[in-house]
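Quick heads-up: structures coming right below.
Look at the two complexes coming up: chain A is in both, with chain B in one and chain C in the other.
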Partner chain A sequence: MKKKILLSVCGLLWLSAAAVGAEEAQFDVVIDKGVEKPLPIAVVPFRANDPNMPVDVAAVISGDLERSGRFAPMPPQDMVSRPADFNEIHFDDWRRLSMPHMVIGKVDAAGGGADVEFRLVDVYTTRQLTGYRLNSSPARLRFTAHQIADIIYEQLLGQKGAFATRIAYVTVHKLAADKKQYKLEIADADGYNPQVLLESPQPILSPAWSPDGSRIAYVSFEGHNSAIYVQDISTGRREAVAAGEGINSAPAWSPDGTRLAMTRSAEGNPDIYVLTLADRQFQRVTTEPAIDTEPVWSPDGGRLAFTSDRGGQPQIYEKDLANSQVRRITFNAGGYNVRPRYSPDGNMMAMVHRDDNGDHIAVLNMKSGQYNTVTSGRFDESPSFAPNGSMIIYSTTGTGGTELAAVSVDGRVRQRLASPAGAEVREPAWGPFRK
Partner chain B sequence: MLKPMISLVLMFITLFVLAACSSESTKEGNAAVVDKTGLSDEEKNAKAHAVPGSGDLQGNALEGASNPLSRTVVYFDYDSSDVHADDRPVVEAHAAKLAGNHDLIVTLEGHADERGSREYNLALGERRAQAVKKQMVLLGVAADQIRTVSYGEERPADPGHDEAAYSKNRRVEIIYAK
Partner chain C sequence: MQQPRIDRFQAFVWAVALHVAALILLMVSLHFNKPQVITPPSSRVMNAVAVDQNKVEAEINKLREQDQKKLDQQKALEEKRKAEEKKIEDLKQEQEKLKQQKEEEQKRLKEVEAQKQKQEEEKAKIEAEKQKALAEKKQLEDEKKQAEEQKRKAEADKKRQAEEKKKALEAQRRQEAEELEKQRQQELDAAEKAREAQEQAKADKSLIDQYAAQIKDKIEGVFINPVPEQDLSCKIFVRLSPAGDVLEAKIVESSGNPAFDQQANTAVFAAQPLPVPADPRVFDKMRAFNFIFHPTR
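After this line comes the complex of A and B, so read on.
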């Protein structure tokens, strides 16, 4: 008797936790601009054998595809039929609606788990392009839906999707005239499932995901000076890895996750250092009497790009770690370039570029030397690439405050991450692909 | 000659007044409150408490508004770590105070306006704090009396987004340890 009650209580909690996650989004990702000809697609509501599933899987998939700016999902209310198996599809129904592709699926709940089956079908050739049966559970249904959206995205666009990823960011609430509350949070890329990692009355900056997504490094002023902490996401355990005199900031993980590049000024000047986490040894990388900050590793781990004002105005430089050669990267007109970030394939570099209209996000093609300014706010900063290299998340400050936005690398797709809570949101960092 | 005479006269007048007062009922606000009830303190449930003198004033005299020591913030031009010429006397005044007393410790808090990246502004704030420290050391302050901290753009004095606000945020604050 007791065991039964325990199980049903657990089940209830399980579902309610999942339900809470489903209803509470930190952001609403709103598409401001999509490509000129988004691909039509019909994601038919999945047939669930249990009506109490906490997530509408097809709706999450549609939402992901629509927000990418590259798809135009069909509203379910316009669907004449709702096939769930391949042999239930009447292809004429869909050809008549000029739907080139459709997605059908099922959610089979049993014994606490839930298997999700889906098929992506080419309507004109009547052939299945891809299909899977994925092991899941009510608590993981949103994640599974994002994974399916990723598979569909890759199948039709030839590029990996980044829907099943997370972002980190800092929120600031004003409590009183002289009192603010800062929070470091992570959430799904669509704004759902926000989790607070750190709460502090002092500023928090520069969150940085470890390459395997298990830890986050950040700068906290809780000790009344800047200090770098590394925190394990699942356990919440953390330690200060750089807390000496002066500045300790701008942490950046090496691609193998064993080292952190950072800015320290303990020796009298802000310079780039590399900390080996295993033995806690610091290695100094720059020695110029200028400000050297914002280090970031190239994807192959062989170079460090950073911001330096050694030439007067701040520009972006790159140091080859093998031969110690330093070369300047940015030569565009306007003379103020900071905050470099390599694209995941290393071919592009995002940065903050200042011109007469303010600070914007620019993308430099490293091979051709071509610059493309992709945002047009007054103060756009903190660019961070999605792990598939297609979108850049950043913060934008207007008269209403600071909020997050995202733009595709070619500038064609624009999103706003509207925060309903009314807090300032800043310092976004896009997390890696999730296993 | 005149002075002792006046004192004597005043003394007699006081005694006269006191004598006159004592025959009347209790008077508030005068130097003496005289009780004619004939009851003891305990019977009246009155409790007289000694009130010790407050002694000397604790704390420091406030500097007049025109004294540079009353100002504890110095300002900077855009992208610059040179203290405004107008603010040099403020640095000099605090330096003189610190140089005169090695027990005094200050924290110089460096700040920047919001333009530019947060990390670069952290370094800019520190550059400003270090510039003021250097000036003070040149003026005779021991380096171990001065601590520097940078908050970059994180603690604006004015949350506005225009040049008027920015000019108030590009600053170094001089904060004495308690």
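After this line comes the complex of A and C, so read on.
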């Protein structure tokens, strides 16, 4: 990705103007609270020199920002003007609309390419906060729009955006009463640009992204027995890394990408094993007579969290790999907790919490012990953190079937994601940041 | 190598010279120590004879008698010449006598003159002394007079000064009293003014506090903390127009998080116009202040 910072003459003028007039502050006013609401932003439709561009870049940016729950993009029909250049902005108009931030831009199509130029502008200070020109093409415009959304997100929220990332999931098409088709797919984080990696009449489960985003591990029942495959996304080449009698399920990549943790019952009881990919050696990690499954690595690679019914009902445990100590993490008496996922910074853990109302996504603050249920569906499953830790993608089953949704970590914002028609979508896994 | 030899030679020469000098000195001093014959200067003692007129006469008479004896002895021989000589002698005598008389007379005159001069000198001296005494007396009198005059003057001055001092003191006292009164009045006025100012300030402060609270509410109604999970704070200096518009907003202390600073700054502008008092005097006291954005979790 090539970027060019645009000169901001207006910003410089503003700074020099602010330097004039030194005066003493007469008192202090302390602002100790604010409002919890999305940031208003106007993403003005980009001016394209070719009306046949396949993507409305501004609409994609607005959609990303809105879906994050952190922004309230202005509907384009409410905009009084559509500036594309800095000097076309009538700031007073936007101030009257109480619109503090706006994004303007252009798409310059030429020779099969399409460069996208944008500026994020502070309406009150008339300052350009950031601005880039990105090389793109009609085919990559959506991705470019996601990149712009990431830049805006990071500029205004101080945190990396995760819009230009991908998700993996499994779709189930009901072909006949007793015939289903399973597909392993990847798509942009907003559900667009789906790409099928594998089709199978047998169930496909538990896709997991390798840390570098180049491979996906998953479980396939194609041989009428569960086996774990690792498939290269770009070449499609795949390899069964754990097969054989009994269960081979729930693969999880170590943070360095050299090992897979998984559930196996090769020795009779479902336990957690670690497979070293280089030499294909398995190492048994749990030996309890209970069912131990759904392992996941802590971001520092030092611990494995997993689900176990060793306490009578399924709860989440964590094993310290350095000293082999196991500690129980969840204790909800009225229900159970399964399918743990660490947040990227390791401070939180998402899981599926079952209570009398069904299965919901819950988030546990690992430091404070605070436990929040962040969804309220009846069948919410398979939580997976966005790589910036801001959102959790999960599957939810309602009257319309099973589809994907995303929820902010604090549960404030929930969004349904675009789903292919006529199919159930499950087992989402949010991919890493793209290099 | 050679230098010391020369030094030694020189030393030797010096030693010899020193010895020779010492020997000569010894001889000279030996010569000096020899007793010396002092030849007294040939003395010519003058037998001073006081010339006394009587004594002269006596001597003359004596000589005359001796001459008589000689004459007697030579009487025979010189009878005739004797008469002549006698006559010459007589004449001579007479002449001598006359001369003597004349000399005496002159001497007497001289004496008288001297006496007279002496008397005159005496008289002049007396007169001078008298004059001097008179002058002294006069001087004394003058001095006395002067002293008296001075005394009188001094007394007058003293009296005058005392009076002036008294007057000045009175004036001063009067002035002091006036000033004291003035001061007291001023203090009273100042106290009154201070009390009024204090009341005014108190009223203003309470008014400003009310507006500050309204401003705070308005800002808190629009401030969106982009990173509520972090404990951040920033300080923004603002200058307002009398209409409550933000003329200047300057981040004087950053939170270290540009997104937080940005939203704090945005809130300041988004809340425009900020509630400000219409009274320009009160507004003057709140035209510039700091916002401290420090949301508590």
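Simple rule for what comes next: the second predicted complex is superposed on the first by the 393 of 435 C-alpha atoms of A that agree within 3 Å, B and C clash if a C-alpha of one lies under 4 Å from a C-alpha of the other, contacts with A are read in each partner's own complex, and residues count from 1 in each chain.
Following the convention adopted for this analysis, contacts are C-beta pairs under 8 Å (C-beta built on N, C-alpha and C of every residue); 3 or more make two chains touch, one makes a residue touch a chain.
Only a predicted model underlies this, so the values are computations on that prediction, with no experimental measurement involved.
When the two structures are aligned on the shared chain, A:319 is found in touch with neither chain B nor chain C. In the superposition on chain A, A:265 makes contact with chain B only, while chain C stays out of contact range. Once chain A of one complex is fitted onto chain A of the other, the partner contacts of A:183 are absent, as it touches neither chain B nor chain C. Of the two partner chains placed by the overlay, only chain C lies in contact with A:28; chain B stays clear of it. After overlaying the two complexes on the shared chain, residue contacts for A:414 are found with neither chain B nor chain C.
In the overlay built on the shared chain, the residue A:249 is in contact with chain B alone; chain C does not reach it.
Residue ranges of chain A in contact with chain B, taken from their complex: 203, 205-206, 221, 224-226, 246-247, 249-250, 263, 265, 270, 291, 293-294, 307, 309, 314, 336, 338-339, 352, 354, 359, 378-379, 381-382, 397, 399, 427. Across the complex, chain B meets chain A through its residues 114-120, 122-124, 126-127, 148-151, 154-155, 161. Touching chain A in their complex are the following residues of chain C: 208, 212, 215-216, 219-228, 235, 237, 239, 246-250, 257-260, 262-267, 269-270, 285-296. Chain A contributes residues 18, 21, 23-39, 70, 95, 98, 100-101, 122, 124-125, 129, 155-159 to its touches with chain C in the complex.
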